[in-house]
Structures are given as C-alpha cells and as structure tokens.
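In the two complexes below, subunit A is the common chain; its partner is subunit B in one and subunit C in the other.
Entry: the complex of A and B
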C-alpha cells in the first residue's frame, strides 16, 4: 500500500504540480541557466502563437471527425450485429481485429496503402472509375487529415462496436417483446426502446472516444517521420512533444500540457457526472 | 376453398410482403457490414501478404494479393536492418523485457493495493481512493514532460529503469482490482484467517487464485498498452541499443532505402505476440472492452 502511494506521488502528482509550476517559467531543456519567472507569459505567448492555434485546429478537426465517425458507425454496426446471433461473434471479432496490431504498425501499413501506387488510390479509382489519378493521401493538407482519421477510425471502430453490443445485449428481451406485441417494427423498436436505454453507454463511449482522440500521437508522428507535412496534422500531443524536445521550450510545453489537462478534466468530469446521474433501471 | 387454406394463403402473402418490404433494408445492412469488413480486414491481409512478396510485387498496380512464392528474405532483411546491425532483434528483446516487467508488477501491485482498498477499512481510505481515481483522469500526454524531467534527474534515460519504473503501477489497474475485489466474499477471507493463515498467505493463496479473470484482463490491457507505447520511449531513449519495437519500426519505415516487403515483415513480427495472445485469450481482450460498458451496469 504505502509504496504504491509514494509511487503515485512521485510519478503522478508531482508531475502534475510540476507542470503547473514549470508553465510559469521560461525554461530551456538541457540549459544550465536558472529558469526565469515570467508569470503567465507562456500562456500569453501561446494565445498569440499561430503554431499553437494551428495545433488546436488540427486537434479539433481530428477529434470531431473521428469522434462522429466512430460513435455513429460503431452504433450502427452494433445495432446490425447484435440482432444476428449466429454471426455475431464472427463479425465482432473481425471488426475488433485491427485493435490487436499496435498503432505504429497500423501507421506503417497504412503508409504503404496511402502510397501513390498503393491500395488507397487503387480502391478509390476503382470505385470512382478514374484510373491513374493520384489522390495525394499523404501530401495535400485535407487528404492528410482524412488519412489520419481513417487510420484511427480503422483501429478503434471494432472496440466501440463491442462496447455497444454489450450495452445492447444487456437490455432485457422482454422489453423488445413488449414493443413488438404493441406493433413496433424493427426500426421503432430500436429508436424507442434500445436507443433511450443505451444512452448511458452512448455518453460513456462518446466521452471515452473523445478523450482518446485528444491524445492521438503515433499515426501523426510516423507519417511526418516518413515525410508528410506536419502542419495539417500537428495535433496537440504532437505539439507538446515538438515544443519540448525539438525546440527545448519546457516552460511553453508545460503550459500546453496544462491546457490539455484542463480540457480533459472537463470531459472526464462530464463523463463522471453523466454516468452517475443517468443510471438505468429496467423498470 | 376452405377457410383454413385461404387463411394460410393470407399468412403466406403477409410473410412474403414483409420479406419484400424488408429486402432493401436487408441489402443495405449487409452492404454496410460487408464494406466495413473489407475496410477493416483488407489492410491486415495486405500486411500479411506483402510480408511474403518482393518489393516490386508489393508496389505493383493492381496489388496481386497472393504471393507468388513465400519470399522469406523479407524477414531476414527486417531483422538484419538496413545497416546490417541486427538492431531489430535487440528491440524485440527490449520490448519483451519492458512489457513483461510492467505487466507483472502492475498485476501484483494493483491487486495488492486494490485488495487493501477494498477490504481494509483505514483512516483516509476515501481520500486515497479519490486521489487514485483522479490520477486515472490525467492524460499521460499532459504529464509526460515533467515526468521526463523527473526521470532525467534520476539519471534513468536510456535504461530499462527509465522505460519501466514510471509504469510499475497504474491507477486504472488499482481501480479495476478494487471494484472486482469489493464483491469478493468476506467469508473466504475470514475462513482462512480462522485456519491460521497470515495476511500475506491469504493474499497469495486466497485472493490471487480467485481473481484470475480480473488479473488476466488487466494484464492483457497493460501488456498491450506497453507493446504499443511510442511516446514514452521516444522521450527517454536515444541510444539504438535501448530502442523498443515501435521506435525501431518508425525509423525503419521512414528510411529511404527500406524495402516495402521487409517493412511489412517487420510489422508482422511486431504483431505476432499480440495475435497469439488474442487467439489464446480472446475473451479477456473483449472482456477488457466490455468492462467499460459494464462499469456502471
């Protein structure tokens, strides 16, 4: 017990407090000069920095798009799969399988798919009947954003589908039977019975996927290492890393960490509150 | 016509009518399921097949999908590396050591702490619990820079210690084990106590053997997240010898002369342990996901 607490203190609380503290200083990594106190200077700097706002925009685009896709599609898939008992476990496993490969591996595989000669162009060109067109997956700004979203969505859609299926199957069948007897079709049954009862799961999944999206780093890092432009996918975790390690601006990076921390705290608090107040009882 | 047969006729017509109405919906559903299945599985199949093809086949259009013969040189090339120093073998070893050490310590310490929080009323227990739950909500990305400075001050960069120590225990694990052990029957513990077992003995002989499902789920989650960890090794490791698999693959994939087939071979090797675990323990993988849904059931 006690070692665990000391441990939490050293590796969890101290860094948090330290992040707040360091964010008030102008401090350089590996520099022997004592840090200089500049109050909220780092925050003011960030608010005027176009790089920071670009980071915020990249993160927002990534998070919102991925989040909508993830929640929407996984809910749809879960609704389709949950009622098909025979094939449920097979499909569930198939959709879940990308979660098994690590995110760096996923990024490497998709990098080849997004190659000008890769499967990405081949598939799009086959569907649109535009042979030989290069869609610049890793070169143009918008396509690059779409690419990172596709990778992330690919990796996690099965995971959230399974959570939704668990939520759907925990709804007692008697409720569905009652709805059917009252003359509801499949659609009405889903919309008026499953959906409202699924709300807590829905909120949980939403917040969870949003928090996960805000932390995205690997795909963006691997893609830029391989030569993709950084600007469009300079998400905030990536920005923190670059500010601290490449630019050696520890104070500024800490200020960014604090902002990210506060944002997550708000989201987590929402999750906590909703999951408290909205407990379902099937009565 | 007798009334019964006309009744049956109407029934048949009603069933057929419903089927006809449902047909477009069914087609739609199966199209969605099918397209998603292709989207989800195609990259995995691509990875596996490309690993056995020479680079000119991997990058040929259209993609051939079936290797003409098993081109094992890719795997040799992946392990050997472009500079011929066999650094991938070292990275695999590093990843295994780090992930195994963290998984073992998390399983043990989280169970121990969770047990303490679940079964021993002591002063300040609520505060401790709240602090731990609070830690759960802190994203790693927000504390990584200060953490990096702590680790640097302790002189642990470029070492196993630097990679392992910050993750020896995690708040989520403690929370998970506590929730699980809350429902653990007190009678069992009391019975052991009456039989004269010491507290440590109770923990080893009673708690651990009866908590396998939770421990297995936690272990898989921990192992997977460490196997997947890119950002932390990226911060603390600079030397080639201490790189873990994600770092190696990132570098290998971004090198100019890397052959695409060898890249996929490296990817397949990196995925093997997780794939084996997945097939052996699929229910705990899925259990990990369901845990979230059930958390407030």
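Entry: the complex of A and C
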C-alpha cells in the first residue's frame, strides 16, 4: 500500500498541488525574477478571455462528438466481434492495432490522407463520382473538426472495443442459455441480458473515453503545424501548451490545467454517481 | 588527531588536483538538424578536442521545428545546454531575461569588444546587442529570395530570364499561367508562400505599402489600414476561395521544389537551399533548370523592401560555470573561423567582413542576388511578444484565405487582439 501511495503522491498528487500553487502567481518561464502573487488573477483573466472560451467550445464539441461515437460504435463492434468466435482474435488484433501507434504518428499519417492531393479526397470523390472536388479536410472549420474527431475515433475505437469484449465474455453463459430457453432472440438477449450486465464496463469505458477526449492534444498540434487554422480545434490542452510554451505564461497555463482537472473530476464524479444507483450482480 | 586531519585534507587536495583536470570540461551543444552543417561541425569538434584534450564537446541535434520548445523547457528547469542556437526572434527573450552570458572577447580571441564589432558587417550584431553588451555571434544570417524552376516556365511559353515576376501582381498573373488544377485541387502550384513565417515574409509586404505592425514608439499595433487591407485582400485572392493559387494546408512549397516533380514551380527560401537541392536531387541541381530572383514588391509600393532577414546566433548559457563559458566562447570562435566552409558546404552566410569580401563569397552562385536583396531588407522585428504576434498574423491570413472572413473584419480582429496584448 505504502509504495503505491508514495508513487501516487509523487507523480500525481504533487503535480496537481504544484499546478494549483503556480496558478496563483504571475510567472514567466524564462524570468529569473521571483513570481508575483496575484491570487485568483489568472482565473479571472481566463474567465474574461474570448480565446479561453473558444477553447472550452472546441473541447466541448470534440468531446461530445468523439465520446458518443467511441462508446456507441465500440459497443456495437464488441457485440459483433464477440459473436464471431472463429475470427474473434483476428478482429480484436486488427481493431486494437491503431491504439499502439503513437498519437503524433497517427496524426502525421492522417495528414497525408487529408492533403488536398491525398487519399481522403481521392476516395470520397471516387465514391461520390465528384472528380476534382477538394473537401478541405484541414481548411474549413467544420471539416477540420470532423477530421480531428475521425483520427481520434480511428485510434481509440479498437481499444474500447477490447474492453467491452472483456466485459461481454465475463457474463456467465448460463444467463444467455436461460434467456434462449425463455425464447429470447439475439437482439433481446443483448438488450435485456448483456447490456444491463455490462453496466460497470460501460461506466469504465465512458469515464476513460471522456477523460481521453478532454485531454486531446497531439492531433490538433500536428494539424496546426501542417497549416490548419487553430481556432476551430483550439482545445483546452492545446491552449495550455500555447500559453506555457508560446506565451511563456506558466502561471496562467497552470490555471487552465487546474480548470481542466476540475472539469474532468466533476464529469467523472457525475458518471459514477449516475451508475451507482443500480450496481450489477450475477447472483 | 589534528595531524591526522591535516594529512587527510592534504591527500584530498592532492587527489582533487590530479583528478579534476583529468575529468576535464564537458560542453553540451544543442543545435538544429542540418546534415551539411553536422558534417563540418563534427570535424571542428574533433579538431578542437585534439587541440584541447581537457575539453569534451557533446553536440546534440533536434528538428528545427522543435528546438525552440526543447531549449525553452530545459532553461525553465535550469538544465539548459552550455551552447545553443535558435532563430533571432526566439533568442530575444533569453537576452532580455539574462539567461545568456555576455560574449567574452578575450576567450574568443579578440582584443576587445570593439574588435568583434569591427570584424562583422555594420548592424549585423544589433539583434544580439542589449544594454551595451553582446550576447551572441552569428552562425548564419539569412534572407529569402524566389527560387524558380525554369523548365516549367518554358513549358507554358514564358522566358524565365525576362518573364520572372518582379511585382506581387505579376506573381499572381504568372502563377495563374503555371498552375495545374484538377477541379479545385492544385496538382502544380506556380508559387506559394512560406507559411507560417509571417513576421519574415508578410510584414515586409505590408511595409512595402507604407504600413507597419507597430508604431514607432511601439505602443500601438497595426499602422496604416490601407496597406494592411491591400495585403489581406491579396492573400484572400491567392487562397482557395479566390483564384485558388495556394494554401497553407498544402505541403510546404520549399520542400517540394527540390523534388522537381511538377508540384511547384517557385518557392521562397534562402541561399542554403542550393546545397539542399544538391543533397536531395543531384540531377536537378546539375540540370541548370533552376534560378533565383529577388523578392517582389507591389506595383504601388512606397518602400522597396526585400524579405526580412533573420539570424541564428550561437549563445552561451549564463548558468554554466564561468570556466565553461570561456571554453564555450573559445569553441564558438573556433567554429566561426571557418566561414568559407559554412558558405561552400552548407550555403550559410556568416556576415564577417572577411567572408563578404572573399572570392569564395563573390563567386558563389546567386550570392549577388541575395546580397542585393539583403541590402534593401530589414532584420525581422524583435519583440518580447513576437510568437503571439506571429500567431495573430497567422490567424488573420488564415481567416481571409480559408474561413471567408473579409479583410476588414480580419484587420479589426488583428488590431484588437494585438493592442490588447501590448496593453497587457
């Protein structure tokens, strides 16, 4: 217990406390002058900053869209893969493989696809029979948001599918057999037996995927480095990076990370709270 | 007891005297990736270490797009390298925050500070001079001109020697002739800009028309609306919602130029590109099918400015031990004593009087074009908020090129945000 506590304290709790402490100061990364205590000045500045509110908007759009897609599609994929016993391991491996690719590499690969002369335009134009149309994957605000969501979805859908499969296979087969004997078809078996019993897994996946989405950074960073406009995808984590590294304002960046942390904490707490009312038991 | 202690201290001092020089001095040197420069600087390190066996130099390279943030985080943690270089505008905050050491003329082999200034072209050390002290020595001073592929010019019936664009209006007209589109998609661009280095190439375009980013007292941002609106309008017309001649979302034109693969006919880059063409595509380098012409001006320009120039200056960490600082300046001076190598093997110009009056410089291909352009150019603006200003310019250009924002709206946003930043 003690080593775990020490580890958590050193690498998780201390940075959180330190970030909160730093957020109370006006501090520049390169300055050797002592930081100036400004209380909640950084928080007040952020609440009045249009750039910060744009980041909140971009994060909300990204998180809601990606979260819904990830949880919904990975659940459906898991149900499909779990029912295909012969090719289950092959499908699991295929869907999981993008998760092991680094986010920066994934974004770089997709950048080639989204290049105006890349595979993205070629494939869509071939399907829609619209030769020469530039779908502006990285240029128009809406398409840029869709592109970042697509990359993230591609990267993590397999990962959450595997977790759902683990949840599905942990449900005793006797329950499925009983349902079949009572005349339930595949759909009713999934909806009335598997889905309610998957609740703990569903909560785990939704908390994990939501936290992942709120922390998104590398895809947005790589895309803007490649010339995409920043505004539509300027998520909070990217704003923290810019405030610290570009503006050298480490106090203000710490305040942003404390706000993001609080947001994650509240949303996770809400999800656990909602799920607690009806715990699952196989007995 | 006292004797025993004295003996112990005596032995410790003796061991220290023997062991410490044997350990020697290690200098950590961080720089950006450049294969041509790596070859010659590794050779200088070997030579320097032979001359001074007590010194070890560890040269570490980082991608040029990442080095600024790597050095920044290292300095923030007080773990910066002993020697480093970055672009002038990134180095400026290190000078004003006293994170770099003033140059040591004696260690670098100069009689005094004035002798250092006398060795360089007038004004080229201004960017690293602050409150009477000199904080760096230039590894390169770079301006950008237009590289053009003569084959594609001839292909569309243009004579590259006479029909190359001298004005931005001609650049748009010539690009319209050179461009190859498949629907909306550009298969070959005539020319495209060097996004997102707006402080370097965009500001001189505004200044050609009499505008500027900051007022003379530095307290107000965005001066001369007519100049700004003309430039923003030009980029709106250049982008995908206008004549569709280029866009920041296409692959950097400079990278494609060397490939000679019918994807770009002209690009904006520095003299160093010549050596990179040779390294990337020897057949194209030797084909004689490329040439270099000056940075264009607007037809109604009131100032004949070329592209802003910037430098990479070697600097020394102020937190390094004083002995290390002296060795660092000695080593920097040793590297920079090979100015002709940097020019001939890397295409980098060190603005020493000796190099600029040498035969090597005068006979170097297109050095005259770059020198003439530099003579009408200014050093890139230096300001504590340069990275933020660069971002605001980027936002303005991208909003008119990609998001359908009018030049008037983009200018209003730019002015508001830039002035808010100045007031902060």
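Rule of thumb we're sticking to: the second predicted complex is superposed on the first by the 256 of 283 C-alpha atoms of A that agree within 3 Å, B and C clash if a C-alpha of one lies under 4 Å from a C-alpha of the other, contacts with A are read in each partner's own complex, and residues count from 1 in each chain.
One rule holds in what follows: a residue touches a chain if its C-beta (ideal position, glycine included) is under 8 Å from a C-beta of that chain, and two chains touch if they have at least 3 such contacts.
Everything numeric here is computed off the predicted structure, so don't read it as measured data.
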Superposed partners subunit B and subunit C on subunit A - clash or fit = clash
Message = For A:225, using the defined touch cut-off, is the partner it touches subunit B, subunit C, both, or neither? Pick first, second, both or neither.
response = both
Inquiry  = For A:115 in the superposed arrangement: first (subunit B), second (subunit C), both or neither?
reply    = both
Message = On the A-aligned overlay, A:250 touches which partner chain: subunit B = first, subunit C = second, or both, or neither?
response = both
Query = Which partner does A:178 contact after superposing on A: first (subunit B), second (subunit C), both, neither?
reply = neither
When both partners are placed on the shared chain, which of subunit B and subunit C touches more of subunit A = B
Task = Could you tell me if A:134 is touching subunit B, subunit C, both of them or neither one (first, second, both, neither)?
result = second
Remark   = Interface residues of subunit A shared by subunit B and subunit C, listed 115, 117, 225-227, 245, 250
Task = Please name which positions on subunit B make contact with subunit A in the complex.
result = 25, 29, 32-33, 36-37, 39-44, 46-47, 50, 58-63, 109, 112-113, 116, 128, 131-132, 135, 137-150, 165-166, 168-169, 171, 174, 224, 227-228, 230-231, 234-235, 245-246, 249-251, 253-254, 260, 263-264, 266-267, 270-271, 274-275, 278, 282, 285-286, 289-290, 292-297
Remark   = Interface with subunit B, subunit A side, in the complex: residues 1, 3-5, 7-8, 10-16, 18-19, 22, 73, 76-77, 80-81, 91-113, 115, 117-119, 122, 154, 157-159, 162-164, 166-167, 170, 186, 200-201, 204-205, 208, 211, 214-215, 217-218, 221-222, 225-227, 236-237, 240-241, 244-245, 250, 253-254, 257-258, 260-261, 264-265, 268, 275, 279
Ask   = Inside the complex, what are the residues of subunit C that reach subunit A?
value = 65, 69, 72-73, 75-76, 93-94, 97-99, 181-187, 195-196, 240, 247-251, 387-388, 391, 394-395, 398-399, 402-403
Note = In the complex, the residues of subunit A that touch subunit C are 28-32, 115-117, 121, 131-134, 136, 138-141, 225-231, 242, 245-248, 250
